[in-house]
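In what comes next, chain A is part of two complexes: it sits with chain B in the first one and with chain C in the second one.
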Partner chain A sequence: MKTSFAVFLRRNLAFAKLAIVSNLEYRLNYFVDAIVQPTLTTGIEMLLWVAVFAGATSAEIAGFTREYYLSYALWGAFFARICTSWMYEFRMIQEIDSGSVNSLLVRPMTFYEYYFSQLMGYKFITTLVSMVVPVMVVLAFRLPTHFERLPLAFALEFYYLILVHSISFVIASCAFYLNKVYSFTGAKNLALWLFTGELFPLDLMPEPLKSFVIALPFSAGVYVPVGYLTGRLEVASVTQAFISITVGLVVVNLLGAYMWKKGVNVYTGTGA
Partner chain B sequence: MMATLKKYFSLYLALFRTSFIADLEYRVNFLTRIATDIFWYIAQILTFEVLFRHTPKIGDWNLEQMRVFLGVMFVVDGLYMIILSENLDQFSEKVRKGDLDLLLAKPVNSQFMLSLQKASTAMIGNLMLGTAWFIYALVSLPQFEWLRLLWLLVLIPCGLVALYAMRFVMASTAVIFARSENLQFIWYQIYRLGMRPDSIYVPWFKWMILTVIPVGVIASVPSRALLEPPQWGLFAWAVVLAGILIYLSNKFWKFALKFYSSASS
Partner chain C sequence: MAIVIETKDLTRVYKTYQKPEGFVNSLRGFFNRKYVAKVALDKTTLQIESGQIVGLVGANGAGKTTLLKMLSGLVTPSSGDATVLGYRPWERKNEFLRQISILLGQKNQLWWDISPADSYALLARIYDIEPLYARNRVEQLADMLQCTHVLHTQLRRLSLGERMKMEIIGSLLHEPKVLFLDEPTIGLDIVAQETIREFLDQYVKEKGPTVILTSHYMDDIAKLADKLLLISKGHIVYQGTVPEFVAKSNTEMAENEEVDFEDVIRRFLETESRVR
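Entry: the complex of A and B
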């Protein structure tokens, strides 16, 4: 039992390392992906908040000053970059769509864990590299940030990534039944974009929409960790987010397991 | 000249018809693409609707005016998605797989073929939704002068041409660099600058997005024509700029082709 767990860990660590090495192979591409893109997004969002406060009649919105919102926009763009999965979801769909999933089905590991470890490896290195930017900006402009809260915020973010991957697994499983499911990824990511809180803090929404959206596990992608990091939320919200992700994980993984099992049974391999 | 225009127009019609038939083949994909953009529209609308609950003005405009801006943006974006986006998004793929060889060998302009070969007819539904929002926004405006809509006949095509030329130049870099996917992703960030009204930016940056990286002419300039007294100089600049950009895109394409070495076997 102990040996098989060690093998499992070693194997998944190898997948994670593979993801890190293959992403760092094209350094310019990686630099653009991890640094330039979120920096530009941050700039655009921060400019919007400057304009919002320039037109506002008071110095505070929902009890927070301009600096809090600038800090939220800054961290929000980087957390959003971490909690979104495009590349690996596309690859998972492609494997099933093209038939090359055959070669994975016969290996001593699951399709889920193969891509999960790669996603985690990629997100780990991206977090490490890209977080340099918000940290430097926060220090330079003295934006409100509780650095001591970073570990818990990241723990929540990486727990949320398990849910993100599980959703990707469900979407990839759709490729067993339908052709051209790539557009599902776009639709899903845009819906999550709305529900994670990247665009604005979710508590600015009117009721009852606000309570509903915050209760969903997707708020753990950006709103809760960034809100906690910038002092907008307290630890109770983080605990609540951990619980809602857990519920989401159970539901999504049950659905994923069912769809995968049925899908493999109806699947006719076309790949080599 | 007229004969050439007629030839290209009928060629485009044929390409559009073929695209429509091809799009209908995958009906779920057809519907999901419409759904995807609905989420995008909701995200844009919700952002401003929520922000305006906490402030009376953003930049120069109030909520009603911002709705018009969003409407213009949805219409321009819808047209771009139907006519151009799929072609330009798959540009680097065509170069890498060697499909460009086939296009270069055809007896028609290669820039035309690369830019207009495939229409995304599924996006017609999105354009209709965007237009519906635009009409709603205009009707909600107190005392709107409907004759001002005539400005859009000039300014929306100018915005589209500017958008096309910038995107085409960005996509053409795929011919020069082997892997430029992430450079293409930078384009989406630049494009996002144009999805916000130019008045929210500080003066020097506003000047930048109307000249150096002119994403401001895509939706902000047509919206100004509807919402503010005519700014003749700005509108003339939008027309001139469209001409300059289309000329430069063609020059850049010819320059980029000098670096091209066939990828097909």
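Entry: the complex of A and C
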């Protein structure tokens, strides 16, 4: 048992390394992905809040000043990039749609772990590299940030990433039945743009929608870690978010296991 | 010899969407689709002994690849049963997957964006092979296939022949007991075909795995196969050796007419396409 767990760990570490090695093969693409894109997203979202406050009649919105919103926009863009999975979800669907999943199905490993470890490896290294953008902006503009809260915020974010991957797994499993399900990814990510709190802090929503959306596990993607990091929320909200992610993981993984099992049974081994 | 692969009434039916041509039919098909069932493999029963190279021959769509995919666990049968090394393939147990390998000549199984050497290191982790042992084995296999010089080049930059050699090394790294080869020489020039054929012949003699080989190049089958399985419209229509098959065909010929294996197969496939 101990040996097989060690084998499992070594194998998954190798998958994580594969993600890093593959991405580093294309240096310019990686630079744009890890530095240019986050800089652009951050700039756009911060400009949006500058414009909102320029046209506002008061110095505060919902009890928070312009600096709080700028800080939220800055870290929100950063955390949203971590918790969004376009690339790997697209690849997972493509593997099944094109039949290249064949090479994974005949090896002693699972499709879930293979992509999960790659996603984690990629997100880990990209987070480290992209981190330079928000840190520099915070220091330059003296935006409110509790740096001592970063470890817990990251722990929550990477726990949430497991849920993100599990949702990707469910969507990819649909490709066994429907082949082209790329639009599902687009629709899901649009919904999460709102539900994670990337678009605006979720506490700006009217009740009862606000309480409902905050209680969903998706708020752990942006709203909770960023709110906690910028002083908008306290540790109790983080604990609550951990619990709702756990519930979400159970539900989504049960669905994923069912869809996968049914899916491989109807799979025709596309191509070749 | 022990029976390694056994099937009983193995059947696979595919459901396919039929769309008549034209824009209007596309619109109709959006709301109402017609599906037809196609039997790819029909109640196939066979036994294969260990250490044999079995040549699986048939026209396009005869059911060869479907049979390989079911035996390797990629496709679940609609009915019937099969065991490979004592396992039901489509249950995909790790103990089973560690002992088999499938090489699909028209698909890449190594990683496109990294070098074959990096791919083999990853495969060593997947199959839990000691890294140093894996490296030595790669060197040995690459030496046999005369392709040591491309081990550190990104896979996407290799020629088709070089890529196929890399795929073969990848499929043999964990020393599978059962090897499924689906058109391993497809699209290769004569020299590369010959190299791969000689390599497989030598490898099987040394290591003794059970091999099921499909190929449209009859030289592959004639030179490598101990046993021939002829498949037609989802049915196995002949099981025996290549020389027996040729002899049997020759007895059915008119006097003064004698054919070799390639001719016999060509005639068989021509008949198939007329009947189809």
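What we mean here is this: the second predicted complex is superposed on the first by the 270 of 272 C-alpha atoms of A that agree within 3 Å, B and C clash if a C-alpha of one lies under 4 Å from a C-alpha of the other, contacts with A are read in each partner's own complex, and residues count from 1 in each chain.
Quick note on the criterion: a residue touches a chain if its C-beta (ideal position, glycine included) is under 8 Å from a C-beta of that chain, and two chains touch if they have at least 3 such contacts.
Just so it is clear, the model here is predicted, and its values are computed rather than measured.
Student: What is the contact status of A:A59 with respect to chain B (first) and chain C (second): first, second, both, or neither?
Tutor: After superposition on chain A, A:A59 lies in contact with neither partner.
Student: Mind working out whether A:S22 is in touch with chain B, chain C, both or neither, as first, second, both or neither?
Tutor: Second partner only.
Student: Regarding the shared-chain residue A:R11, is it in contact with chain B (first), chain C (second), both, or neither?
Tutor: second
Student: When both complexes are superposed, which of chain B and chain C contacts more residues belonging to chain A?
Tutor: When the residues of chain A touched by each partner are counted, B comes out ahead.
Student: Would you check which partner chain A:R107 touches, where first means chain B only, second means chain C only, and both and neither mean what they say?
Tutor: After superposing on A, A:R107 lies in contact with chain C but is clear of chain B.
Student: Can A:A236 be said to touch chain B (first), chain C (second), both, or neither?
Tutor: So A:A236 meets neither chain B nor chain C here.
Student: Could you tell me if A:A140 is touching chain B, chain C, both of them or neither one (first, second, both, neither)?
Tutor: In the superposition, A:A140 contacts neither chain B nor chain C.
Student: Share the list of chain A residues that count as touching for chain B in one structure and for chain C in the other.
Tutor: Common to the two interfaces on chain A: residues 26.
Student: List the residues on chain B that touch chain A in their complex, please.
Tutor: Of all residues in chain B, those touching chain A are 26, 28-29, 32-33, 35-36, 39-40, 42-43, 46-47, 50-51, 53-59, 179, 181-183, 185-186, 189-190, 192-193, 196, 199-202, 205.
Student: Within the complex, which stretch of chain C touches chain A?
Tutor: Residues 14, 65-66, 69, 72-76, 90, 92, 94, 97-98, 100-102, 104-109, 111, 113-114, 118, 121-122, 125-128, 154, 182 of chain C touch chain A in their complex.
Student: Help me check something: in the complex, which residues belonging to chain A touch chain B?
Tutor: By the definition above, chain A touches chain B via 26, 28-30, 32-33, 36-37, 40-41, 44, 47-48, 50-53, 55-57, 61-62, 178-184, 186-187, 190-191, 193-194, 199-200, 204-206.
Student: Which residues, counting only chain A, touch chain C once they are in their complex?
Tutor: 7, 10-11, 13-15, 18, 21-22, 25-26, 99-100, 102-103, 105-109, 264-269, 271-272
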